[in-house]
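Following this line, the structures themselves.
You will see two complexes here that share chain A, one where it goes with chain B and one where it goes with chain C.
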Partner chain A sequence: MTARTRLIMFLAAAAVIAGFFAAACSRLPPFGTPDHPYAARAVAAALAHRTANTVASVNFDIRAFDTLGEESILFGTVLGATLLLRRARDERHRRAEAERVMPTTRLFGTLLLPVTLVVGVYIVAHGQLSPGGGFQGGVVLATALHLAYVAADYRALKRLRPLTFLDVADSLAAASFTLVGLAGLVAGGAFLENVLPLGTFNQITSGGTVPVLNAAVGIEVASGLIALLAHFLDQAVELTDPDQHETGGD
Partner chain B sequence: MGIWPYLAAGWVLLVALYGLVTSHNLIHAIGCLAVAQSSTYLLLLAVGYRRGGTAPVYSDLTPGTRPVVDPVVQALALTDVVVGATVTALLLALTIQLRKRHHTVDPQALTGLKG
Partner chain C sequence: MGPAALLPLAVAIPLLGSALLAVTGRLLSRVGCDIVATAAATAEVVCLALLWTRGGHLATAELGGWPARVGIVLAADPIGAGLALLVAVLVLAVVVYSWRYFDEPRGQHAGVFPALILLFEAGMAGFALTGDLFNAFVFFELMGAAAYALTGYRIEDPRPLQGALAFGVVTSFAAYCSLLGIGLLYARTGELNLARLGRGLAGHPTDLLTVVGFVLIATALLVKAAAVPFHFWLPDAHAVAPTPVCMLMSGAMVELGAYGIGRVYWTVFSGPGGIPHGAFRTTFVTLGVLTALVGAVMCWQQRHLKRLLAFSTVSHVGLFLIGVALLTPDGATGTALYVAAHGCVKAALFALSGVLLDRYGSVDEHGLHGRARALRPVGLLFAAGALALTGLPPFGTGLGKALSEDAAGHWQPWLPAMFVAASAVTGAAVLRAGLRIFWGLGPVPRGRPGEEETSGEGEEPEIRSPRRTLPPTMVLVPAVLLALALALGCLPAVAGALARGAAAFTDPASYRAAVITGRSASSGAHEPAAGWTTAGVLLGLLSAGLATALAATAVRYGSQPPRWHPAARAVRTLRRLHSGHLGDYLAWLALGVAVLCAMLAAQT
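Showing the complex of A and B:
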């Protein structure tokens, strides 16, 4: 198919989509409507479970089962990327070279790495109180470790990154989400039921299982993301292409 | 504002699809897919908006004093972001392998099957 035919077909399809989408939108509740029945119920349920951050309550309490699926998607992606980016038989392993870095960049990384780690742990731990949680804090934690790559070189990052340990942590964290769910089944009668003591509203221990699940997700996201980026970085830094003459440019 | 925020989401989706259809580079196509995904964030947040509403977080807000936006769609947007990131990661991994085996990232040049 030529590019022109494809474009014409797309424009025809886009016109149909645009027409039906606009028609559907015209029947939606008006933008900014005060009437949000699900919001009212979710807020009431979150306050009843003494979780200050309603979004965390929706994710890890009301819709915790969906979040289990979401977490499994992430786990599956790490597995898939590991499989896709494994070293092929005809590729050679090349040791990453030590690189020179500006002293200011090195100072910046050395100072910022521990601060970013603390911020990541803070965001994971306070997910039930303020915006944040396991997914967001996990990404911050994984980013913190990669400051070592920015501020030093790939060898420094590899020393800071115990991949075997992280792979195990990733699997254990993913499994512990299910275990918390089973604990709810045993103690409360429903999978992922919030069976832990709910604590005092607006304290770090409030929310029952919400902070526990947040911690599990935080560990899983952080270790999974580091493992994922490790495979990409290995491809870029440590593997040489099978035939250099065609791909020598990068 | 009426239905304009919803239509904006649809517009972003169509722009991204146009990019996907005319793309000559798989990395660019993956970027277009990420834009298509972000149109769903727009739609979700537009659906959940409440006029004068603030964030649905009660750590520094007394319940009942101010309207809040819909927390359910915000939670859905989080799921959406996670799924978008994982899809992007897997597609980029596939692109790396394609580049190695076929020496091109132009989807229009990828016509032959190769075992």
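Showing the complex of A and C:
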């Protein structure tokens, strides 16, 4: 197909789809009605398990199995990146060089890094109470470490980043989600059923397994994301192709 | 152990195995990794075999102790559990096949390949067993994430990366469509559980929202099932993926798409407020016929063995779609058996072409002409696989095909001819390749100048010690898989269980009762017959005979019509459409969605 035919075909099809989709959306229930079928049921269920943040309750208790699948996707993505970005036989390793950075930038990084780490831990730990949780806090934690790269250089990041340890932490955190699920089965209940005391509503220990799963996901997201970025950064910064013309072409 | 524990275990076992491999892979030797992977795969087979025997009509598990009105419920009838069991058997086969075969990365990255295979398994098992629409989407994505990485495995070559990218982009695009569709249905009903969604839709008359929601959800499943025109990613991905991955993708993953369409239609859209049976049947049988035809024609054109087998999968998925779209218990029985036997046969054929790749570094039908004469046992297995693919009795493919044909013939008397043609042509193409490669029959085909072809030469062997002897597992695994396909056709108990499963699969009322109330109601629907009939045996023999004649003619006189022939011109146009250009594939996908919307809207 020529580029023109392709574009015409796609635009024609897209126009038809857009028409149908717009017509379908016009039949959606109107905004702002008091009728929220799932929300009503989910809030009641979250309160029954003394979890103040209903979203966390949906993610880590009521529909925790979805989250198990999602964190496995992340785990698989990290494994996949490890596999695809491994050093090919024709790639050479070149040690990253020290870079010159403005002292103010360096100072900014040194101050901000620990603050960001604390914020990340806070967001993970308070997932059951307020907006946030393992996914969001994990991303903040991973970002914190990469401030070293932004404010210093790649060598500084590599010193702060024990990759083997992070790889293992990533896998163990992924496994621990499944193990918490199995604990429910062992205790005689259902898979992923809460096995811990529910605690006092709106306290940090409330919600039973919700904070535990939040922590597992927080560790997995933080270590997984760092490992994922490490593979990409290694590829960009440290691996070179001795004969670019062979792999660059067709 | 009861089904309520076995259902989540079917997902938990491969997930834990995968994490274990990722942690210990760097410490263990290659043998240690293989032992862990084999143990996990075996445990999964045992778990699903128990579920298959103990599950009854419909086994359910309320995860987290939450009922279907808020939480996620896993629900497995013998069809879903059987499909998950097929996945588990094929994964075990793949793990054993890879023992001595595969050049896996060492050191820091050891164990990553089997870990991804197990994640892939968890995704497929979860998808087959879940009773929740959004949860199905999550597992769909999980199997995608693992499959993209596995497809691009050979990083030294730019082609695998391109194949994996096309696969990933097309599937992700379709997955977004699916998510939009789930959103539309959720907005209307406030439900994600399949059974409750079906009940929720019944409160509204069918309108455009239902149609668009259904088409969008079906898009992702049709891409996975590789129905024309959503199929373009499949041959590209199969041509470049490592052999063990091809075995899983063709043997089970693609079929999950067809299963998903049947499952979602029956549980959500088959009642009032859904999509009328007539509209669904006409649309999806049309799609199936188109897929079977395009797959068969393209299959015949290939000389790259893996692409040839990939297009044969496309063609067979067309037949499966027809079987599902008939909307009868008989059609579902036939398709279930056909899928199971086809999965074993196709995986065996891929495994055998892996032997060629290992020995000769090529999977090119023309380049290998007569070169594999020494591998006579492999050749015999390959020929047996080709005949099994045509539906030769008493292979399970033959019984599945016969039952599907019978069911299809009740609706449209010409449909059985479609089944015979598609299975004969695809089987003949495989047989033709086998006769040339293993027996050196006929003249060496010569390429024509100006012909655009994917030759299948210059492939890298998947392991780097060409002087070693052939590992016995590489022949044993395909032999066992073919024996399984044979057993599926010969053991009436399996077909009988699948027939009971099909009765439950096509009975949304008892599904709804079991999932919503948690009580397993026995299905009142009649149980379809699932044995050999004279007509079925004759049609199977007809397919096999036609295939043999076609293959013999092709080997003797060449497989292509003269260039000036109008048929040759049409085929060239069709081949040119499979351009390898990602933009083309997305344009076709959009066209497919638009046409489906229009077709279904016109009929409701």
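Note that in this section the second predicted complex is superposed on the first by the 241 of 250 C-alpha atoms of A that agree within 3 Å, B and C clash if a C-alpha of one lies under 4 Å from a C-alpha of the other, contacts with A are read in each partner's own complex, and residues count from 1 in each chain.
By our rule, contacts are C-beta pairs under 8 Å (C-beta built on N, C-alpha and C of every residue); 3 or more make two chains touch, one makes a residue touch a chain.
Since the structure is predicted, the reported quantities are computational estimates derived from the model, not experimental observations.
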Touching partner for A:N202 - first (chain B), second (chain C), both, neither: first
Touched partner set for A:A98, first chain B, second chain C, both or neither: neither
Which of chain B and chain C A:F232 touches, first, second, both or neither: first
Contacts of A:G32 with chain B and chain C, given as first, second, both or neither: first
Which superposed partner A:G189 touches (first chain B, second chain C, both, neither): second
Partner chain(s) touched by A:L111 [first = chain B, second = chain C, both, neither]: neither
Touching partner for A:V55 - first (chain B), second (chain C), both, neither: first
Partner chain in contact with A:L129 - chain B first, chain C second, else both or neither: first
Shared chain A surface residues [contacts with chain B and with chain C]: 3, 6-7, 10, 14, 17, 21, 25, 28-29, 36, 38, 42, 63, 66, 70, 73, 76-77, 80-81, 84-85, 88, 247
Residues of chain A that touch chain C when the two form their complex: 1, 3, 6-7, 9-10, 12-14, 16-17, 20-21, 23-25, 27-29, 36-38, 41-42, 45, 61-66, 68-70, 72-73, 75-77, 79-86, 88-90, 164, 167-168, 170-172, 174-175, 178-179, 181-182, 184-185, 189-194, 247, 250
Chain B partner contacts - residues on chain A that touch it in the complex: 3, 6-7, 10, 14, 17-18, 21-22, 25-26, 28-34, 36, 38-39, 42-43, 46-47, 52-55, 57-59, 63, 66-67, 70, 73-74, 76-77, 80-81, 84-85, 88, 129-131, 135, 202, 228, 231-232, 235, 241-242, 246-247
Complex contacts: residues of chain C adjacent to chain A: 4-5, 7-9, 11-12, 15-16, 18-20, 22-23, 26, 61-66, 69-72, 105, 108-109, 112-113, 115-116, 119, 122-123, 126, 134-135, 138-139, 141-142, 145-146, 148-150, 152-153, 155-156, 158, 161, 180, 184, 186-192, 207-209, 211-213, 215, 577, 579, 581, 583-584, 586-588, 590-591, 593-594, 597-598, 601
Contact footprint of chain A on chain B as seen in their complex: 1-7, 10, 13-14, 17-18, 21-22, 46-51, 55-59, 63, 67-72, 74-75, 78-79, 81-83, 86, 89-90, 92-94, 96-97, 99-100, 103, 108
